[in-house]
Amino acid sequence: MIQDIIFAKYNYIIYITLMTIGFYGMIGKRNLIKKLIGMSIFQYSIFLFYISAADVSGGTAPILLKEPAVYVNPLPHVLILTAIVVAVSTLAVGLSLAIRIHREFGTLDEDKIIELS
Amino acid sequence: MIEHFPVLIIAVGLLGAFFTPIIGLIRKELCSPWASLITLLQFLISIFLLYQVLAAGNISYWLGGWQPPWGIEYAIDILNAFVLVLVAGVCFSVSIYAKKSLGFEVPGKELPLYTLYILLSTGMLGIVVTGDIFNLYVFLEIGSLAAYALIAVGDRQSLMASFNYMIMGTISASFILLGIGYLYVMTGTLNMADLSERLPELYGRPVILVALALLVVGLSIKTALFPLHTWLPDAYTHAPSAVSAMLAGTFTKVGIYALIRVMFTVISPEYVIETVPVMNILSWVAAAGIVAGSVLAIAQYDIKRMLAYSSVSQIGYIILGVSMANKLAMTGGILHILSHSLMKVGLFMVAGAIIYRTGIRNIYQLKGMGKKMPFTMAAFVIGALSMIGIPPTIGFASKFYLAWGALEAENWVFVAVILLSSLLTAVYFWRIFENVYFGVHEHEEIKKDEVPLSMLLPILIFAAITLLLGLFASLPIGVIEHWVTGVLP
Amino acid sequence: MGSLKNRKVLKYLFYAGLVIAVLADFLMHREKIELPWDAVPGFNAMYGFFSTILLIIVLRAAGYVLLKREDYYD
Amino acid sequence: MIDWVPPGIVLIAGAFLIPFLKGRAKRAYLLLLPVITFIDLFFMADGTGWAVPFMGYNLVFGQVDRLSMAFGYVFVIMAFIGMLYALHVKEDGQHFAAFLYAGSALGVVFSGDFLSLFVFWEIMAFSGVFLIWYSRDKASRDAGMRYLLVHVFGGLSLLAGIVIRLVNTGSLEFGSLAHGGLDSYLILLGFMVNAAVPPLHAWLSDAYPEATITGAVFLSAFTTKTAVYVLLRAFSGFEILIWFGAAMAVFGVAYALLQNDIRRLLAYEIISQVGYMIAGIGMGTMLSLNGVTAHAFTHILYKGLLFMGAGAVIYTAGKRKFTELGGLYRTMPLTLGLYMVGALSISAVPFFSGFVSKSMIVSASAHEHLAPVWLLLTLASAGTFLLVALRLPYFTFFGKDSGIKAKEPPVNMLLAMGFAAFLNILIGVYPAILYNILPFPVDYVPYTGEHIVWTVQILLFTALGFFLMRDKLMSQPAISLDIDWIYRKGSRAFMWFVEKPLSAAAQLPVRIFLRIADYLMWLGKNPTRAVSLYASTAIFRLLGRFPGMPPHASEKLLENAWKNYPGEPVKKSPVGDSVILVLILMAVYAIYYYIVT
């Protein structure tokens, strides 16, 4: 029973785990870069969710098929491509902010920055 | 040409943003007029769209000719068009104001600033114009990314404010994305109209509840609804004044628009009002936000920070009106989107003007400003009176409808909250009036020293509109009521 | 107020006025009696006088509590 | 076809022309505007005019009947007198504010619906405050601020009442409200603030003495009388008002007696006189309502005159306190004479205007056999005479010579006072002029033998009392405490309260969440260890010691284990805090949704 859930839906469990790790990173870590890493993990966990939802076991890509076959829903993949672009841009903004902060305050430790500002 | 306007409003913005750096490379000074031109175009298109919606009914534009639900649809009804005009109008006016203000506060950064400015404007317009829920997420992120960067060009503390906002904004967007994901998994469609048709069969499944909670929390962050407002005061305080003005007037409002859209169009009003009283809990949170925002505003000394907390309170008003979900309150809430936008943009521009001329931010140092900058301060007074809710300003009309709606709902606590917060608002603005008009400057002779016309003019226009719309409040109210009657049972 | 002599004359005129006012009340024809004291000649005179005295005395007393230095609020 | 314009609009719109005129033309215009308004008023047709549809309701700017006309006439006359008195003032802003103020008062009088009434009501409050602020000193600034706060409170109460009424009845029509119910009580509260009914009166005595010399003349006429008008329309026959009014009449006099500032004395006298009107409204008989209208009419004229006289003294002598004034009759005989006309009018001396109006209300109380009310009103009447006709002139114009070299005020001031004095005597001698415009037919005859004799008795014996005890009436340089103590002293406490405990309380939800968050963080440092800590604590509590270990050592061990829990105490992180808030709210929402379905 439990095995069924774990093995049949393990990707969903991983998505929840990743999300929690991401949250932990954003909340628990003082270093801004680590916070950003947490943020990225959090975002990517959602991508995993989308992809998992689209997956059909044994399905193929819905291109270049001559006859009807089981295929994977392509739309979530496309959506997630967009979302990945967004995530990468966010990370880029975040990292450049971190660089500016480091230049301005000389540290990336949140406590020290708050003391300095 | 005309039938392509819904997409043109976005295309103009995206192309405009793309060409800004190129124009900036030719001559830096051209960036600002270019941004004004682009936002003016968007403004004109949005006015035309509003006109068309009012005259000929809802517009549905199929991107690339693909029929929805396969293709992306831009669907415009009265609410969209109304918010479009508001957002585009504010973006245009502030872009004129921004020339001098940004030039003073963050000199030499025109090139990236105006690119981002146009992107932010376009992102917001995209959120409003689209009829596809995933598209909404994408535009939300376009706008947000531009906003993070724009905030970060402010003073020293703005970096951490922006960072905080970015983390919160990303969580918000991710929640929205996840919520959308659940809806998609359940229904297999992303088109809003299509979703609203397919969802009713699925009501009662826990996964819809999770999606709902994710969407509400995600959008609450974007609208800075108490207690998720924590990013807002820092961001508004430390961002350049023009950016604060624009964000205060538009971005949170667009978030509220999205909330209304999701709650009342995608998911049906019956569901969020009766089956799962989402609106019930939201209205209490909003009421808490109204009072807390006002109280925290009184405790502030920095004028921009005070205005930011005041925003928290006023956003509470809007959400309260929307979430009480009767016709009067809803009308009041949506009208308050307009009135708060007008007043808050005006007030932030005045704050920026004061900083431009004197560099003062502490409200107890504003003594004698009434003589130094008579027109600016007069506009401030009008905005503040509207904020308090004194006729004949637009703020009065919306608060009147809100109070009326609360009475209709027979919720006396909300009535008391609305009136009490008016008094608190009066308290924190009077402190400023007192200093501005009666405080005596000991040292120097005060000479009239107004800000340049390009800054003064938008300020005065906003004050004038606040007054004029107050006198002719029936105009926007009629438009809004039309939409509200169509949505609420 | 003019000379001392004038003052004296005024004073006497004033007293005469008091007496006449009370006396006239005795001769007055009353159209209707609405309040119990309408029939009592000179009631108004008494009431006017004593209410004045009362007002002044009570307020002198109240003044001890209510009156404060002028810079009280500063 | 519209052949007249709402007179309030004429004054308000006309005020906007003032800045464009100069010199003689401006002065002529200032006087002409009330005259035009008067002519406009004269041609107003009875009935309902100027109904403007607005947001689905009818706004009525021209509700004309005999009652509104009576108030309209006196308001316009007073606007003229006040403007004549203020003609020497050079500041356009003051004239502008005065016209706006008078115009909005007229607007209220001719409003037929609550919304336009409310709008004019607020304009009145906000333009009135400028007449105070133009004194341009700290005292007037502070007093004006308090004035505004009180009026905003009153306005909000009024608005709340109006909105409730709108919801309950669906109508905005301004009519009788004497039936009770939350809406009418809220509206009553709003009206009573403006009528300065104790304990809502302190703004009046606080602010009017700080107004400009000319501004006070306007202020004395409009705000309270507008309130009397609306109360008359909406609450006539509302019995509780009788007792409010009677108490108010005595209260006003009593407090006036304590004052050292001449205009503050007169301000408290307004409260007293308005008390008569409120009492008359409460009685609600035809005679009393006529009396209220008549008394409001004459009161505007004589109280204006008194404020003009006091203003003239302050203008030329530069002092405003009894303790600093005295002996001015030599140099200001004209002012004294004109002032005395006002003083005799307010004291209801026969052949002066107060006699024909005040006596209507007092007689009405007798007709209704309200003996205590009669006694209170008569007491107030005696006190008024004592104060305004005896004490004030005695200590200002006679008494010890202060050595101030005052002279007569400018001609326009004297003319304005003269005109007001003329009207007071005219009405006193020929009351039919006033009685003809009252709302109900009048069969009241003021000049009967008994009435005159009784009045004279009261007046003369009051005078006797004054001369016997005038030393006791000598003022002290002091101020009296009043209800305003609460907010004058309270405002500082309020600011402290908001800045410290209240804003802390507003942060409370956030803090509670953060406490939870802190705990979760603490738990998250080393969850297994934390759980084992809890478990071992539970065992210790149960058994009193750990198995195989003496109790003392067990306790020590446990204490150390708690102390050495991994990591330093959790530090706050703004970013992290916000994220935690999101998570907690998310959980709250999800659980809530799950429960309600």
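Which chain is which? They are A, B, C and D, in the order written, and residues in each are numbered from 1.
Basically, contacts are C-beta pairs under 8 Å (C-beta built on N, C-alpha and C of every residue); 3 or more make two chains touch, one makes a residue touch a chain.
This is a predicted model, so every value here is computed, not measured.
**Student:** Look at the interfaces C-D and A-B and say which one is made up of more C-beta pairs in contact.
**Tutor:** Of C-D and A-B, more C-beta pairs in contact link C-D.
**Student:** How many angstrom between the C-alpha centroids of chain D and chain C?
**Tutor:** About 31 Å, centre to centre.
**Student:** Hey, how far is the Cα centre of chain A from the one of chain B, in Å?
**Tutor:** One centre to the other, that is 29 Å.
**Student:** I'd like the Å distance between the centres of chain A and chain D, where a centre is the mean of that chain's Cα atoms.
**Tutor:** So the centre of chain A lies 63 Å away from the centre of chain D.
**Student:** Measuring from the mean C-alpha position of chain A to the mean C-alpha position of chain C, what distance in angstrom results?
**Tutor:** Whole-Å distance between the two chain centres: 93.
**Student:** Could you say which residues in chain D touch two or more other chains, in rising order?
**Tutor:** 574-575, 579
**Student:** Multi-chain contacts in chain A: which residues touch at least two other chains?
**Tutor:** As it turns out, chain A has residues touching two or more other chains at 26, 35, 114.
**Student:** Would you mind giving me the full set of chain pairs in touch?
**Tutor:** Chains touch in the following pairs: A-B, A-D, B-D, C-D.
**Student:** Okay, in this complex, where on chain B does chain A touch?
**Tutor:** It is residues 134, 137-138, 141, 145, 148-149, 152, 156-157, 159-160, 162-163, 166-167, 170-171, 173-174, 177-178, 181, 184-185, 190 of chain B that touch chain A.
**Student:** Applying the document's contact rule, which stretches of chain C touch chain D when the two form their complex?
**Tutor:** Listed in rising order, the residues of chain C that touch chain D are 1, 14, 17-18, 21-22, 24-25, 28-31, 34-36, 38, 42, 44-53, 55-60, 62-63, 65-70, 72-73.
**Student:** Can you check the complex and tell me which residues of chain D touch chain B?
**Tutor:** My answer: residues 54-55, 118-119, 122, 126, 133, 138, 141, 145, 148-149, 152-153, 156, 159-160, 163-164, 166-167, 495, 498-499, 502-503, 505-507, 509-510, 513, 574-575, 577-579, 581-582, 585-586, 589-590, 592-594, 596-597.
**Student:** Within their complex, state which residues of chain B touch chain D.
**Tutor:** 160, 163-164, 167-168, 171-172, 175, 204, 206, 209-210, 212-214, 216-217, 220-221, 227-228, 230-231, 234, 275-278, 281, 288, 291-292, 295-296, 298-299, 388, 390-392, 400, 403-404, 407-408, 415, 419, 422-423, 426-427, 430, 434, 437-438, 473-474, 477
**Student:** Within their complex, state which residues of chain A touch chain B.
**Tutor:** Touching chain B: residues 26, 32, 35, 39, 42-43, 46, 49-50, 53, 75-76, 79, 82-83, 86, 89-90, 93-94, 97-98, 100-101, 104, 113-114, 117 of chain A.
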